[in-house]
Amino acid sequence: MNTSFARQRYLMDFTLHSMLRRKGRNLVLFTVCCLVIFILASVMFFGQAIRQEAKTVLADAPEATVQNLVMGRHALINAKWVPVLQNVRGVRHAEGRLWGYYYDTVNGANYTVMVPPSDDTEHRLQPGEVIIGPGIVANRNLIRDKYLFLRANYGEIFRLKVKDRLSSDSALVSADLLLMSEPDFRKFFQLPDDVFTDIGLTIRNAREIPTIIGKIGVRVPGSRVVTRADILRTYQSIFSWREGLLLALLGASIVAFVIFAFDKAAGLSGEERREIGILKAIGWETSDVLAMKFWEGALVSAGAFLLGLVLAYGHVFFFQAGLLEQVLKGWAVIYPDFHLKPHIEVLQVVTLAFFTVVPYTAATIIPIWRAAVTDPDAVMR
Amino acid sequence: MIFHPPILALVLASLISALTVLWAAWFALRVLRHWQPSSGHALQINMEKRTYLVSTALAFVLLLELASLLLFVSNADQMSVMFVGAMCAVGTLNVNAYGIPALLLKLAVFFVALVWLVINQIDNKAPDYPFTKLKYAILLLLAPLVVVAAGTQLTYFLNLETDTITSCCSLAFIPEGGGVAAELSSMPPKPALILLFGGLAAMVLLGLLAMRFRVAQALYGLASAVFFVISITAIVSVISSYIYEQPHHHCPFDVIKPQFDYIGYWMYLPLFTATGIGMAAGILGLRRTPDSMADSFARLMKKRIAISLGLYLLFGLVALVAILKSNLILIG
Amino acid sequence: MIELDNVSKVYNEGRANEVFALRDITLQIRADQTTVLKGPSGSGKTTLLTLIGCLSRPTVGRIHLEGKMVSGLPEKFMTEIRREKFGFVFQRFNLVRGLTVLENVMLPAYPLGLKYSTLRDNAERLLGDVEIADKAGMKVENLSGGEAQRVAIARALINNPDYVIADEPTANLDTRLVGEFLKIVEKLRTEGKSVIITSHDPRIWQADVVDRVIGMEDGRVIEDGIAAT
């Protein structure tokens, strides 16, 4: 056992020396490897961070939302259903929600207008006041206590005082959010007092959701229930799909990288060939040379992997993934400007290794083998 | 669904594995026809050189399949949020009929590759390659297996629909439900533990016998396979409950999660490796001792059986620790 | 003793550029002797050397080393035997550039995984024996021809082989250094080692230290005699 470890140590030592003697080639290989990993890792970290963000943000959403359907489309729901839903066993609290979209002709942006829930003391509003999201602040150049002018569809212009602005932390969903008081909302959208956009339900036990949905289907005809889990799933799928698409496109770069690796590993210089011949002649076996070459590959790919990972981490979490934003966040006039919380998962890192280290190793096996089986008598011919 | 990154990675990996093994199998055919160890002709020398490539490639496939197995399960676990009714990996695997078979086939590939590598290592220790024909025959078995495994995995992924309702482990692994999973979980704790630790003691005894007597070696190989089944049953029916500290939670996959200190890895890795080595020893035990290895064969086999036993004991220790550390009391 | 029995070696077998380097050689190399193989280039002497030294396998025929057959062995076993029994000094010395003199000498022993201090001590002792210990830390690119040869000889001896094989050892040296080389051969002989040399150089065939001269042409042995003293 001792000799086996000692042997590996000698081989590794020789490998390091050998690599240092061929700095140029190894540096190129290392750099290309690192670059590919950097790009892929950035995409993965970004996607994961956004998915995580969605999860955190949605944590406060109601477990289920009941919507009214008319001819298959979402319509306003009557307030009379609120007490009915409150009485369904398992529903802790039912509350009507008011929200909708407003198209701002001034800058062509869509705002989500919403009345804060009754238990949201932080964002309580008086008529004439609004709280706006960071995207609107930037877009309309507003600061606290300035006024926002909105034109309702029926013509009247609303002069609303900006009471506060939503923090950037939740910017993923709040970028274009506009909070308004209930009276203002109803007046703005010309809604009577007995309707809501939908009804949010707080449910005690997640396992009871399917049963509750069944009951609602009976008691509130023509309704549809959307659960928080549904929304989460959709978010996860969308971001995951985009990420996967991008990675598939980057597949071309992976292929190019693999060919490059094969070429570099196969392209042994005359000097290198001679050296291996000498080693074989003086008593190194094929397995010794194989071990040596694989150490070489491992050092390059492991080193490049780690460095690429670290750089990608910095890129995504300190520099907001500037290079990737456009593709991954989706098209919109308003871009959220928020800091992604650093979040890495082992699954991600392993997947990344599968996309990079595995093809690289596979590509170098044959060239390495070819070098290692050099005939020992080659140096004498 | 196929664009989910870990899925792309898994498909890529299984493609690489399949191509590698197919090439190796084609080479195996040539070896089985033309192999002549002492010949000095160019054909033989080239084939001998090529065997280095095959063993390197297969070692690579083995490691890849192992990593793939872990990624497959981890991914299934992570993806469970996307499926209605799924709460862990089991749910994701049950979305269509190909999930569990894909997992089992991957496991089978791992085992056959490990067996091959163990036999290969021993074959290389003798100057006349005594086990070469056996080795390459096994390779011809591995090739279709890898292809079927890759195909099943791909079919599974292509048929992952998010609007299917699936069941999670709490439904699959309850004794009341039907099916294999239910059978496994329905074994009561006491008999399961007796079988496990009793089986372990039997393995130790058999292993020690096998280290000295040829006759016991083939038996050890068979016993390894049987003990593997017993161990998995014990994990599902009893040990998992101890780890989760919940008498009705029998999922075999959740044990690899971080919140349980990744204890699953400490159980599964030694168990799988020990079984693979044990089976290889069993196969070799069936063969006559080659003349070229008259002195060394016994020693080599002894070492490998010792390693297999050591790993089984490690597995047993981890299981024991899990039971003792747990706040759950299932017996007495 | 090394015995060759009806040995032939063919390169590029079965192809258009097939070459019969050796034809039907039957030969015995005695231990404790200094043997020289002479002949023009293309005569097969280098090929014979590679077969004797377990550097390659004969296409046909058998080779026995001290009673054990070595010709049909797989590469791994052949390499083990070669490492243990043979030391090689190549025509162009073939030292690994970029490494020091000491590292070059230790190189053949790396796969054995010996303790570093033992290995280093052995290497330093050998360098002392060939009188080049003072250059131990020097990079081999900076050595002169004669110095490089001495390092090559030290390297050949690191595993304490029974047979030392030298291919055209004096081809790149001047007269003074030929004498030095022959002195080293004498020394090896007194230590009980066999030395097998290929050479064009008459000064080598005719040296006192040589016991036997084998002449080759066209892959065959044409002359085999005790050296004239």
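By letter and in written order, the chains are A, B and C; residue numbering begins at 1 in each of them.
Rule of thumb we're sticking to: contacts are C-beta pairs under 8 Å (C-beta built on N, C-alpha and C of every residue); 3 or more make two chains touch, one makes a residue touch a chain.
The structure displayed is predicted, hence computed values, not measured ones.
*Asks:* Pick the chain whose C-alpha centre of mass, unweighted, sits closest to the average of all protein C-alpha coordinates shown.
*Replies:* B
*Asks:* Most remote chain relative to subunit B, going by C-alpha centroids?
*Replies:* Chain centre farthest from subunit B's centre: C.
*Asks:* Roughly how many whole angstrom separate the Cα centroids of subunit A and subunit B?
*Replies:* Between these chains, centre-to-centre, one finds 34 Å.
*Asks:* Centre to centre, by mean C-alpha position, how many angstrom separate subunit A and subunit C?
*Replies:* 64
*Asks:* Take the average of all CA coordinates in subunit B, do the same for subunit C, and state the distance between these two points in whole angstrom.
*Replies:* Those two chain centres are 49 Å apart.
*Asks:* What are the residue numbers in subunit C that touch two or more other chains?
*Replies:* Expected reply: 75-76.
*Asks:* In subunit B, which residues are in touch with two or more of the other chains?
*Replies:* 49
*Asks:* Give the residues of subunit A touching no fewer than two other chains, as numbers and ranges.
*Replies:* 286-287
*Asks:* Could you please specify the touching residues of subunit B with respect to subunit A in the complex?
*Replies:* Going through subunit B, the ones touching subunit A are 2-10, 12-13, 16, 20, 49, 52-53, 56-57, 60, 64, 67, 70-71, 74-75, 78, 81-84, 162.
*Asks:* What residues of subunit A sit close enough to touch subunit C in their complex?
*Replies:* 2-7, 10-11, 14, 17-18, 21, 271, 274-275, 278-288, 375-377, 379-381
*Asks:* Could you pull out which subunit C residues touch subunit B in their complex?
*Replies:* 10, 12-14, 57-61, 71-77
*Asks:* Can you list the subunit A residues touching subunit B in their complex?
*Replies:* Residues 44, 47, 229, 232-233, 236-237, 240-241, 243-245, 247-248, 286-287, 290, 345-348, 350-351, 353-355, 358-359, 361-362, 365-366, 369, 372-373 of subunit A touch subunit B in their complex.
*Asks:* Can you list the residues on subunit C that touch subunit A in the complex?
*Replies:* So the residues of subunit C touching subunit A come out as 46, 49-50, 55-56, 75-76, 79-80, 82-83, 88, 90-91, 94-99, 107-116, 155, 159, 167.
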